[in-house]
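What follows is a pair of complexes built around chain A, which joins chain B in one and chain C in the other.
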Partner chain A sequence: MSKAFEFKNLIKTYPDFKLGPLNLDLAPGMVLGFVGPNGSGKSTTMHCLAGLVRPDSGKSEILGREIDLNDPAWKFDIGYVGDLHVFYEAWSGEKNLQFLAQFYPRWSHEFAAKLAKRLDLPLKKKAKELSTGNRAKLAIIAALAHAPKLLILDEPTAGLDPVARAEFQDVLFEMMADGERAIFYSTHILPEISRLADELAFLQNGQIVLRTGKDDLTEKWRKITFRLSRNNLKFESVVSHQHEGNDHQVISSDFEATMRQLHELGVENVQHSRLSVDEIAVQILKGANHVATHES
Partner chain B sequence: MLLNLTDLSSESLQSQIIRQIRAKILSGELAAETDLPSIREFARDHHVSVITVQRAYEALLREGLIHSRRGKGFFVSELRENEKHKMAKQRLRETIAPPLMAAAEEGLSSKDIIETVNLILRQKGKKAEQEK
Partner chain C sequence: MWRLMKAELSYYKFALLLGFGVCVLVAVASWIWNWGDLNTPIANSAFSYFITIAIIGSDADKEKRDRLYSLLPLSLREIAHGRMLLAVLFQISIFLLWLIFLAVTRESVTLRTICNMLSFSALTLAMIMFFVIHHDLGYFGNNKRYYGIYYGFLGLAIVSIGFLYYIQKLQTVLKYLFTTLYGLPAGAILFSVFALGMYILSLRIFMRRKSYLA
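Let's turn to the complex of A and B:
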């Protein structure tokens, strides 16, 4: 079965920014969360995938088919929600959707109407009269109504109220249930993907710094407190360390490895707790590989 | 199948799924040969990722609590009463060990601990009777 998408050595250079060389792929039926600070290149990556930007070099495929900007048939298979929502402003949401429908063989008017109802979008209103949140809803419907196999979601819920956001989550979980779709989902609101995502990719300065299974990440990272009568700890698995006298607290990126080493040192009063995906992401993006030691 | 999954727990979603399905099987609430939801149905209904469910099911398979039939899905395994009993006991031993050690470290004797256990069981019995 071909991959939902695949980048090989993708490069896109701007005067002040370089994305890549990027190697990234996604299996069908899986959800990949895409995490990174502002300006790290997430949107550029997604633009390349959605055919909005032409990369300088490298290979990009969707469902085994090379992205060819001259023959956009592969676009039937993707649904893209991005930062810019382009509609015919003088037309109603409904008319905008009807216009789009004619380009997509698998478009379902029934699905679009149902989704508008679930998201509580007034379809009769002109696009220019829609609020930010309602424009986001219209963009979501426009991206999903043709039953795409790959959803490329770039901060799709920006501007949505909590109820619409929860409804959108439901829709995504439902769409994933047939196992034939994949989602590539970029967001700053990590709780939004902390349950949906199977895997996470972290992007920084145009480079993937980590690609991992979400459950592996949340299993391995722990906050550990303990007593030990020495101050310097240089463990590869310890990402941050602080202590007050003999009381220490570390954040470990490999719980078992850290525990083994701590037991060898004869630590006491060991307690540990899990970290949320959010907390782990902060640590990774702060520079997971260099050990920050705070004396207090 | 209704489970109670939460992000506000020190236990991972995967372990919550394993523990709750295991409890349903050992208590007999899920009878032998009951079919479990498919991995994807489960993920959809409980809002967890597919891999999370897959790993939870794999753990239950390894424990012998469920089995899979090619193309048909996952089913609760037939367990003899003494097997169930043994598994429940093993489970109790694993979960009760850390708090018991902590209690011992805090200076409670085995007599104190046994008294506490009996007290809890008595209270639970009373409560169950009141609810009837």
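Let's turn to the complex of A and C:
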């Protein structure tokens, strides 16, 4: 079965920024969370995937078809919610959706109407009269109504209220039920990703510093506290180490490896706790170079 | 491509009707009060055409229409044609208005009149293409070849005008271009080929843009 998307050595260079070489793929039925600080290249990656930006080099495929801007067959299978929502501003939401519908054979007016109701979007209002949140809702409906096989979501819930955000997440869960669709999801709201994502890719300065299963991540990363009189020790897989006197607190990216070392040192009274995806993300992106070395 | 044009026609129908309405009004007034020959509606049409297209172009730019279109399952070629056809169609409708004006006023239709109309339409469209090309080059990344060709031609044109002015031939050349050649079949063909060349260049430049974010 073809991958939902695949980048091979993708490079995009701007005068003050370089994305890649990026090697990234996603299998159908999976949700890949894309995490990174501002300016790390998340949106550029998504723009390349949606055909809005032309990469300098590398190979990009969607569902086994090369991303060719002159042969748009691949675009029938993608839904994109970007960092900016563009419409015919003087047209109502409904008219904008009607305009889009004529380009997609699989477009469902019924689904669009139901989703608008679920998200509480006033479709009769002109696009220019919609609030930021409602514009996001319209963009979401526009991206989902033609039943795309790959959803490219770049901060899709920015501007949405918590109720609409939860509703949107439920819709995505329902869409994923058939196991054929895939979602490439970038957001700063990490709890959102923790609910949806099967895997996470961390991007820093245009490079993937870590890609891992979400469960692996939460399983392996732990906060460990212990007492030890020695202070100049180097611990394996530890990304952060603080101590006050003999009280130590470390954050480990490989809980078992760190625990083994602590046992070898004869450390007792070891306590550990899981970290949230949010906390792990901060640690990874703070110490990206260390993690990258460790993972490779 | 036709779907885009249909949408644009529907979206900008008020601006287009207003722009065209002004052309019709002036043509009718010229006929009723005998303001002059075909040149009066032609001169007015140019004014009305540029204002209408400038308003539409600026609005489409503000609403990031290229980005909206680029997300649709259409090839870049279709999009490139689709965004230009409105300007072409508007000019064609104005051309038809001139023909109606000639028929109604029973002004004698000479080959020179037809060539004038064709040359004028071609130059008007070429001017619009020039602005479109200039706009699209802003999204061209660092493709020096196309910048070179574009600014090379622009530079050559400016140097040529300067040189002609210096040797005091500018007026003669302009007079030849816009009075003599303009009304000849050779001129109409030349200006039409020039407009077609600008159209093809604008398509190629759009299709080679590095970004369609705006």
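The rule is short, and it goes like this: the second predicted complex is superposed on the first by the 287 of 296 C-alpha atoms of A that agree within 3 Å, B and C clash if a C-alpha of one lies under 4 Å from a C-alpha of the other, contacts with A are read in each partner's own complex, and residues count from 1 in each chain.
One rule holds in what follows: a residue touches a chain if its C-beta (ideal position, glycine included) is under 8 Å from a C-beta of that chain, and two chains touch if they have at least 3 such contacts.
From a predicted model like this one, the values you see are computed outputs, not experimental measurements.
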item	value
Clash or fit (per the criteria above) of chain B with chain C on chain A	fit
Chain B versus chain C as contact partner of A:50, first or second or both or neither	second
Computed vertex angle (chain A) for partners chain B and chain C, CA, steps of 10°	150
Touching partner for A:139 - first (chain B), second (chain C), both, neither	neither
Contacts of A:35 with chain B and chain C, given as first, second, both or neither	neither
Which superposed partner A:86 touches (first chain B, second chain C, both, neither)	second
Partner chain(s) touched by A:100 [first = chain B, second = chain C, both, neither]	second
Partner chain(s) touched by A:178 [first = chain B, second = chain C, both, neither]	first
Contacts of A:71 with chain B and chain C, given as first, second, both or neither	second
Chain B versus chain C as contact partner of A:151, first or second or both or neither	neither
Distance of closest approach, chain C and chain B, by C-alpha atoms in Å	29
Residues of chain A touching chain C in the complex	47, 50-54, 69-73, 75-76, 80, 84, 86-91, 99-100, 102-104
Parts of chain C lying in touch with chain A, wherever the complex brings them together	3, 7, 11, 63-65, 67-68, 70-77, 141, 207, 209-213
Residues of chain B defined as touching chain A within the complex	7, 10, 12-14, 40-41, 43-44, 47-52, 55
Residues of chain A touching chain B in the complex	29-31, 169-170, 173-174, 176-179, 191, 194-199, 213-215, 218-219, 273-274, 276
